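First chain A sits with chain B, and in the next complex the same chain sits with chain C.
Here is the complex of A and B:
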């Protein structure tokens, strides 16, 4: 009689037994209505920000804002920040009471995007699969934003984008599970053009140095189209590698090209370096075509302005938000952030704080963490008053620092006022670097979802996963 | 014509940095036979000496000015730099303004110490190991040092301006009879080029005209024989390592007004400097200098928009193309000794 306990037999039995043991968890995960449905008394949010790489300072500021948002949502902060000022279109306060989200205490995990598409996807995936995050949010570059948004769509969680300015995020790469509070390239062009025309006239020859990735392309396109419409001529467009360091060999041909205006489509460290080079090579003192030479930086941030130092003075650009805005929401946020950290928040911090509150409120209104319910909550509403367009529908809110704002149902892009700013000539403090030149009203930066700069993508259906 | 002159000028300052870093690399390879992948980060350390000096000179104490308010509406805390309080406003301002040149005083001892610590503490143990091991350990060290810099100074670039007198540009065009504003060249880059030439001259003079230098050269040619003559060549080579570190550090200090330093600036320079060493000839000091300037200028020309339009992306690969051609045609490099890297 052979021994019944053969090695093969034991392994087989083990495998069957293991499978049987695993079955209940398989069933429970199938029983969930959607990916990462929170079952306990807490809910986990995933903050995916650059903690290393070129935009790490932006990422660090985002994390500070997230921490503050979590404190405010849980009611454990020193004050309630913008929870106090956040309200609906009819002026009524939101459902957020400082009691977590749907009564569940908010917890969070963080990931490092490294400002790199692959790393951003990997950290988002890990937070979804390992930590059970119901929301992925954050980031400071459009490359990773588009990649993570697509991942969240497949995984069935909501993505609330951080600082991403390329048209693509809510244009050709838009996804039903993804939402962007930050403004975009088109809006920068539309807001900047009239200010530039007033300051520099309508007879200018512009030279573009453009960061070689999706944000650079859409921003260059938006600014050229907006300025050419008012009579400017585009002399040359040159793509520059990200992380170039010394831009001198790109800067020196500018004066010989016949251009009298340089548009630097660079962000973060690249912008600091290219602007510094341009100033060093005397562009700001130069004369061309009988005019003073001018430099324009379409997307500004205060963190960048700090890096560029003196060189930023008098240069026009656009920004999503600035701490010196006088409205109630901006003041509440600046006070709350400034008291906790000792310096004012950046636009990167502001946008992610807003995104966290907007998500929490949408869940409250939907009564569920189900991504499809959240999408519906953010898509439902009458739209902004004063804008006559069939696409003007979606959730409208106010009190988060940019005036009445629409989350447009058609493409999940926020529509709100855009700030045109200028490097301040005489700063009163180390934070006082940008001066608000104009608050461009929403009507002026409005476009239809099928605008050529955004065409090509489909929002598709929301995906609850599971 | 004016465009060509401009790109040559442009190439000179980049070439200066390449030449200085490559010179250090060659010194180390020629003396110790070690391929030092941490050399780029030594350049960055130098740059951050300037950042540190600027930070030190701007270190301030707070006084509360009740008449003004800060961004939160609280009484304004006025920051006064200690140097201004101690030496008076004028002198304090001058110190802060000249922080880049002053940083040289800090960079020399710091870089010497870092160089000695690196060589004695780590690289010494890898002399008899294959080059691959040396590359791995020095590369690892570079990553560690980089992260240390990031820990203290953050990830964003920090602007360190040149002294006021060197701000602005010189109009070469007018001097050469072109229209104004056609050939503008920043004063500081002229200073940098001059500084690089001075450092290179000093190193060559040191090796050529001092007994120490003579022994080192002898050791580079035939280490064993020099050792047999009873000379402690190892100690001299350690000192050469420190000197190479100082050269890289000085190149970094003076480079800060050209490109705002950030923690990973060294890596960009490292790879290019290796190419420079290979093109110039492994172990050849004049080769490193020549190739440094040559590649700097070639890279500048490849970045001209007329050239990029002709061959898109050429500016990104030109240096490597040159390296490939040199390695195929003349594997020992431009001025390399016969036999080196040819076996």
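Here is the complex of A and C:
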């Protein structure tokens, strides 16, 4: 017997061999079919909203709506909210029964986007990598929305953009894993133009003050094109820095410019400040070109209206949804939100609530949390009736406010009625500040995915991650 | 070994150990325990630790050695990021050209900006750098939108030319290092623990070790000595016939290139360059990192960077539910009180926590965390020998930061 097999040698070899055998079992590298496949009895959703910064109010309202949506999905809420009214195109009720998603209880994590692309992405990445979220949703600005949408595409999870209005989100920066429920700049222009024409005529000279970033540019472009098409003239476009506290120096030249209409392409606190300045400078009482001077704010929200107070009265703008809508879905949502929190929801809250339900329903219909299955579930459908277009395909549903709604397969933009609103002259409460002037039907805000304002992007293919 | 003396070699090896075993060190709590909220061992945060470590090491070469307090270093980080993304858009998603370009472009910018700003010292220098950084931010945020994509950030798209790559494909290729995808990695489940090993992290970590090594060599070189001379008394240096300007400019450019490298790595692991990372708060953050860790020390900035990023990413995401779970062992009434008090310091109150820590460190440990560590170790070593002072690792008697 040779002494090649020493005791020590055998033990060493055995340990190495054992380790090598164990390796494939301990490195569970690509065992999953897709990113963050939920394996336990819960599924985690990531709610990524601005909790600090300029849009913190919207973020707080979104979080309230998310909590409500999770309660409704898990069946632990005081009522079932829009789960009761949410219907498919054929009028049949959805698969959601208040039993979680695919029988898994819904858990959630929250993060702060700080309305900052880097912070939003960091927060979303930690939700995906640390908490195992299968859906990232929320946000109140287009920059973070575009950034996080691209991240979700790379990581292989679904992204449901929150409040993002710039054309780019479903235009040049669209991604297969991302969906937008909110309306966009183009739709604002298309919905506002006829109302403005009826109210102010087709011979106006407009002056634009535009927030100096992407959303400002696309919205300015959309409104300019829509109003110029009906005969208005654009006198001047001035870019203003974001977060400018005082807009006086921008308002002063307006009256001397020969314009008789001021369009404030501002959002949030900027809009509150610029509108207040404009009113203080007497623009609303002024006369120009023999007409009353008018102010227009393309994108309104109730939170902004509250900030601007008195000054908002009689000013036209567009909005995605308003709690005073009479349909069954809107009322059910307003009721359950109001019962839980004591005041009516904002459009930001409505948007994210709907998206959470839509995601849950898409997963139920797909029978899987696989992002590609979810994308397919949201892309499959006959489209909206009454619109003759080859791109009119995608999932259609009703009962979430705004009437029959399409998630268009071609660019993952949502198509539904757009509201044109006006600051109420005699508000009854601090939440009753906007009155609906017109519900613009979907046909009127329809565009093709290759419309010049949206050109330049490709959806690509959905990415399941693994 | 490696041209380092024993003490530096040990320090370097400690850093190597920390970096290599970070996935274990940062995940001390089992997955299903309530404390798992405090785990930091996930790819995004680990990458941030080393990337901001590089940024702070570079900043420390300027601030720690020469005493010139730049308040605009984030501009170089951002410029590096934009250069990196453009390389990935134009050439290839292989990160090598991106990282080289980010270092070079940031170096060129820091040469120009440094040449102008270094005409003044002290507070004027700080203000000048701050002004340049804010100009860079404003340009990136709006004026140069066609180049920087403005608010939404510059990112890859399917239509990019990527001339060094075979075209086609219906999805954007992932950033990689000769086929090693930055996003990929593997997990190791061991008992209740799950450890994540991410290629992107190890790539950044390797570069951080190189950066750290270079920084040690600079600290110990005659060039480093000249930089210290600039800090201690520039006039005296002038009188001895030495012109400090080339030395300070060289230090400025080197630290600008470090920032560019950090920016390039940021886009290598997460290909998006946003203007927000050039905002003045980001410049302030690296100053905090360096001072918190210990300005002028070798390892201090790395510790400071880790600390701030940990607070930013872990404490800011704790919410009421987590606190309730954390204080579950207390009786009900006490739990309520503990939760409501702690709530001020977590979530969006994390800056308050950081501010308090910063105050405590600056007041009681002017040499930063490094001084804290030294005091503890001296406490244990006092019995053995009386004289342990190491002039190299001891914080300098700190002059006014604006000097």
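Just so it is clear, the second predicted complex is superposed on the first by the 438 of 466 C-alpha atoms of A that agree within 3 Å, B and C clash if a C-alpha of one lies under 4 Å from a C-alpha of the other, contacts with A are read in each partner's own complex, and residues count from 1 in each chain.
Here is the rule we go by: a residue touches a chain if its C-beta (ideal position, glycine included) is under 8 Å from a C-beta of that chain, and two chains touch if they have at least 3 such contacts.
Every value quoted in this text rests on a predicted model; they were computed, and no experiment measured them.
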{"item": "First (chain B), second (chain C), both or neither touched by A:460", "value": "second"}
{"item": "Which of chain B and chain C A:380 touches, first, second, both or neither", "value": "neither"}
{"item": "Which superposed partner A:444 touches (first chain B, second chain C, both, neither)", "value": "neither"}
{"item": "Touching partner for A:241 - first (chain B), second (chain C), both, neither", "value": "both"}
{"item": "Partner chain in contact with A:147 - chain B first, chain C second, else both or neither", "value": "second"}
{"item": "First, second, both or neither for A:74, with chain B first and chain C second", "value": "neither"}
{"item": "Partner chain in contact with A:52 - chain B first, chain C second, else both or neither", "value": "both"}
{"item": "Which of chain B and chain C A:217 touches, first, second, both or neither", "value": "second"}
{"item": "Those residues of chain A which chain B touches in one complex and chain C touches in the other", "value": "52, 241"}
{"item": "In the complex with chain A, residue positions of chain B that touch it", "value": "2-3, 6-7, 10, 13-14, 70-72, 76, 150, 154-159, 161, 168-169, 171, 180-182, 184-186, 188-189, 257-260, 262, 265, 268, 299-300, 303-305, 308, 315-316"}
{"item": "Chain C-facing residues of chain A, complex", "value": "26-29, 51-52, 109-112, 116-119, 121-123, 125-126, 129-130, 141-143, 145-147, 150-151, 153-155, 166, 168, 172-173, 212-215, 217, 239, 241-242, 456-458, 460-461, 463"}
{"item": "In the complex with chain A, residue positions of chain C that touch it", "value": "39, 42-45, 48, 138, 141-142, 145, 149-153, 155-159, 170-172, 174, 183, 185-190, 196, 270-272, 274-277, 313, 316-317, 319, 347-348"}
{"item": "Of chain A, residues touching chain B in the complex", "value": "52-57, 60, 236, 238, 241, 243, 245-246, 248-250, 252-253, 255-257, 268-269, 272-273, 276-277, 280-283, 285-288, 303-304, 306-311, 323-324, 334-335, 338-339, 344, 429, 431-432"}
